[in-house]
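Input: structures, listed below.
In what comes next, subunit A is part of two complexes: it sits with subunit B in the first one and with subunit C in the second one.
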Partner chain A sequence: MATVNQIPVLPYGVGSVSRGWLAAIALLLLVFVVGAFAYSRQFMYGEEVTGLSDVGTRGGAPWGLYVVFVIYFVGVSTGLMLIGVVAELLKIGHMRAITRIAEGLAIISLLLGAMSVLADLGQPLRGILNFFRYAHPMSPFFGTFTLVVSGALFASVIYLFLTLRPDAAILAKRKSGLSTFYKWWASGYKDTPAERARRERSSIWLAFGILPLRILAYSTLGFVFGLQVGRPGWQSSLQAPGFIILAVVSGAALLILVAAAARHIPGAREELSIPVFSWLSNLMTILLGVYLYFLLAELLTTGYTSTEAGWRVTSSLLIGQFAVLNWLSIGMLSLATALGGWQLIRRSYSLSMIVIAGVLVTVSAILQRYLIVVPSLTTGHLLPYEEGTYTPTLIEYGVVLGLLALGALMFVAFLKLVPILAIHKESD
Partner chain B sequence: MRGFLTVLTVLVGLLLAIVSYLFMASPLGIATDESFSSPRVPFAATVFVIGVALVFVSAVVYEVLPDSDSDSI
Partner chain C sequence: MTIDLDRCTGCRACMVACKIENNTTQTAFWMYVFRLETGIYPDAKVSFLPRPCQHCDNAPCVKVCPVGARYKRDDAIVATDWDRCIGCRYCEVACPYGVNYFNYKDPKKGLYQDWKDPAIQSATVGAVPGWANPDLEEKYGSENRSIAGGNHIKGVMEKCTFCVQRVEKDMLPACVDTCPTHAIQFGDLDDPDSSPSVAIREKSNFKLLEDRNTQPRVTYLGSAIGSGAREIERPSVRE
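== the complex of A and B ==
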């Protein structure tokens, strides 16, 4: 601790502002303003300006891009939190380097997921009020929104607050404009043996609380689809476990991409080393194999045993209007699995190959969510309706881009307040 | 004192979550009349969220409360 006082600056670019950083902020703000403008049009004119419409007689899909990104953002958040908490809990030495990134991204993704829900509502304020007033415990939405958006978000913020206290105590002693902020965050932490012991104990208990909460919460989002008996293509006992597997896969992929970019932060390259990426790559590859098996099992089951309506959904994925997206997504997932598997077998890892696999998985994870949400709405009718279509409008793309820019802005701000790597090494 | 307050926060949180889910929200089971549609107490979901949040706040109580001589954990 004594040597810490002699270091005059904050580490990993915290608190410092460069021209490149300002340019990035300006660009992200511009995209965010475009998104805010798009949402203002939707707020004023209603969902008529989107590609969303009723199923059946209107031949459309009431859930589209926004719900796709609800599932993506909340899934990524769940995956990141599970990876971060498990790495902390199992004390996987080199993985501690990415826990901070994982925890920050998990909270931001969850906020974006909640905002995507609001974007999907024609009357967001009425939706919020009525949810808290009338939510029904037997509805999967009750679990999804009470546990995911409220419980999990609150638990993640507390987890981050407590894990950062030792670092905040160190940073509060350095002379900077943020020292008052860190003093507040440290909230009296002095790094005594008793405090360290309490930190250790509460970290374990919080992890044991967060793990089941996150799994249960995201599973309820899977149940929103899996329990709908009148919607062929959705009703499946594999939805909830499939959601969890894809959540961890897409969380690992995003973590790979952000950690690879974070290597450019001064001082971060040594800790964000190849073993970190190889661990994430192996996790992603093994779970990708499981997810591909789930996809195959689902396709075979619906292909052999489903009803006429169920077969319409399956055939739209195999040879119909969603075939290109479906095969593109499966192709990218398979290629990512092959890239990861090849490195796993050879025990030789290349960062660029891991990053390529991360990009493939991120894109195909979004496509997978699209293929979960839309085909069953446009083609899975039990009544004799014509096959419908759904094409997102520029307004929807604008809102989603705005949300992505907002997420990036929040993460960049997070990096300027919080060291991206833990500086407190006592518990190593 | 620290241990007592931590356990108290957990118990109050769990109690609020369980009571709001089972007794304040709409009845569980197969709906037989319109009483199954609305919560028995308005904002039962909010009470449930507060309960879950309190369980996690207990970690802050446990870690952030200042030391005193009588603290045993």
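== the complex of A and C ==
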């Protein structure tokens, strides 16, 4: 363990526990406990404690905040993994600084996504069992579960394991409380040239595999909505591509925010430099432009060719009950695009501007998911039901906050076990 | 099933019969009768549209169920296995007709009367609810699955079963049996002499949302209700 007078044995605050860190853990634990309490109410009394209700005569939305966050969490995970893998494959030197943050966050948010699914289920215990026992391949959910939870999670964990091995081999040699853990992780890996070549080869092939797997996996989540003949506003071939674009955008936004915070970790500031952020900002800006174009194309198609019910959904977004949220989120996305575009044109980047864009995009990406899920359920009726409403309750907000706190807890714990930046590069 | 819109008077006796037979909770209407209005006074026109589950041959709900709890039986009934359902509500989201009702709370708490009230219990000898139909707890079909009736447990989906517990005993569904104007006919469409087959031959007919290619098993007789129809009144919406 590091003491005040010694140079830390382990880099980037790994293994050392500061007072601030403990305070953060305590605060996050508190929020998590509040969320767990909220979920316990739902588990005992059923989903009547949420704002969810049935489509049709009950005038509600059966899917709400939980499904919104399933899409957000899995989307962020997909985006982060794609960014991490692409940065690694293209060998963009300075971008190696964010790959580990991206991979760690990607795994954590995937777990959160799976938990949000369970939070949404009326019979969560049955869900865990029956998804596997009675899997029905025709359901778009089947793809989500096999590809996302099993395939993508497994591949991502293996990928992280492989990319971390050289660091583990180095750290295992240093005397610290964690050396047993690193020895286990390195599992005989000594970082000889032959080993290194083999490890790099397998990482690259795995990265090539992960790329299409993650895109397909997240597309199935888009198809959960895009394939529904019964829901005007959802049925669209742009749904899955739009999901992928927004996934990378929201992944880049979260990465910007976390990497900006990680600059406070001792020794990390030099590597998490402006070029890293400007690369992320440019990626986010360009894809935001694509996403806004998709939104426009979708709006024009549904508006121009719309059926009666389709137009009800569209008009609820433009002038109806969702207009405020919709214009707010489009406004924020446009502002973020403008901020990024301006910096891109002038080739001069400011960290605070990039962070502001990251916040705007993160908030509006969640809003966008809400605006995909809910309006079609409350207004897209094909039979003459009246317009429904959905207002999330405190229980739902509590559960979501609890999940976010759990994710943050997992991430700060991750930072105490794993160096946030790869160290094997600097020692070879 | 055929429903003759020219005969329907909108009395909603079918809705009540369904509730009693299947023991559904408050605000759950497996059979629902729209009371609709088109046009503007003095040229307004009132029409009625009974809406059971359409038991589609190409059912969106069956396709999307991730665990096969919603399935199509050989006799064309679209059934829900409440013993397998995980409560994801994807079937409800996929259905264009809005016929699914989820048990958001313990169904025993959603009944019209407090059956645990001592005064009532003395009359019902402790049965909750008083009219509980033992047939609803049975398993049905060659698959031997729990598909009959409502109000079983919280967190699962339920919907119209065409009264499978009655049909398997060669009885008619409750809504058909109770309709005072014989607007609803039920039988085997493969049998040319069954009452729905005859009705379809003799009268102009249509299916609900045929353009969605769900291939419903419910056929409506008479003319389709024009677009722009609005509900005259709506039931209390929340559970």
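Here is the rule we go by: the second predicted complex is superposed on the first by the 417 of 428 C-alpha atoms of A that agree within 3 Å, B and C clash if a C-alpha of one lies under 4 Å from a C-alpha of the other, contacts with A are read in each partner's own complex, and residues count from 1 in each chain.
Note that a residue touches a chain if its C-beta (ideal position, glycine included) is under 8 Å from a C-beta of that chain, and two chains touch if they have at least 3 such contacts.
None of these values were measured; they are calculated from a predicted model.
Q: Please work out whether A:Phe161 is in contact with subunit B alone, subunit C alone, both, or neither, and reply first, second, both or neither.
A: It touches subunit B, and subunit C stays clear.
Q: Between subunit B (first) and subunit C (second), which does A:Ser150 come into contact with in this model arrangement: first, second, both, or neither?
A: first
Q: Tell me the contact category for A:Ala135 with respect to subunit B and subunit C: first, second, both or neither.
A: Both subunit B and subunit C are touched by A:Ala135.
Q: Touching A:Glu48 in the superposition: subunit B (first), subunit C (second), both, neither?
A: In the superposed model, A:Glu48 contacts subunit C only, not subunit B.
Q: More residues of subunit A are touched by which partner: subunit B or subunit C?
A: Partner with more touched residues of subunit A: C.
Q: Touch test for A:Arg231: subunit B only (first), subunit C only (second), both, or neither?
A: Touch status of A:Arg231: second partner only.
Q: Using the superposition on chain A described above, determine whether A:Ser202 touches subunit B (first), subunit C (second), both, or neither.
A: first
Q: I'd like to check the shared interface: which positions of subunit A are touched by both subunit B and subunit C across the two complexes?
A: On subunit A, the residues that contact subunit B in one structure and subunit C in the other are 131, 133-136, 138, 142.
Q: Taking the complex as given, what residues does subunit A use to touch subunit C?
A: Residues of subunit A touching subunit C: 45-48, 50, 52-60, 62-63, 117, 120-124, 126-127, 130-131, 133-136, 138-142, 145, 224, 228-231, 308, 377, 381-386, 388.
Q: Considering the complex alone, what residue numbers of subunit B touch subunit A?
A: 21, 25-26, 28, 37-39, 42-46, 48-49, 52-53, 55-57, 59-60, 62-64, 66-67, 73
Q: Per the contact definition, I'd like the list of subunit A residues that touch subunit B in the complex.
A: My answer: residues 131-138, 142, 146-147, 150-151, 154-155, 158-159, 161-162, 165, 187-188, 192, 194-195, 198-199, 201-202, 205-206, 209, 213.
Q: Per the contact definition, I'd like the list of subunit C residues that touch subunit A in the complex.
A: 27, 29, 32, 34, 36, 49, 51, 60, 63-69, 84-90, 92-106, 154-157, 208-209, 212-214, 225, 227-231, 234-235, 237-239
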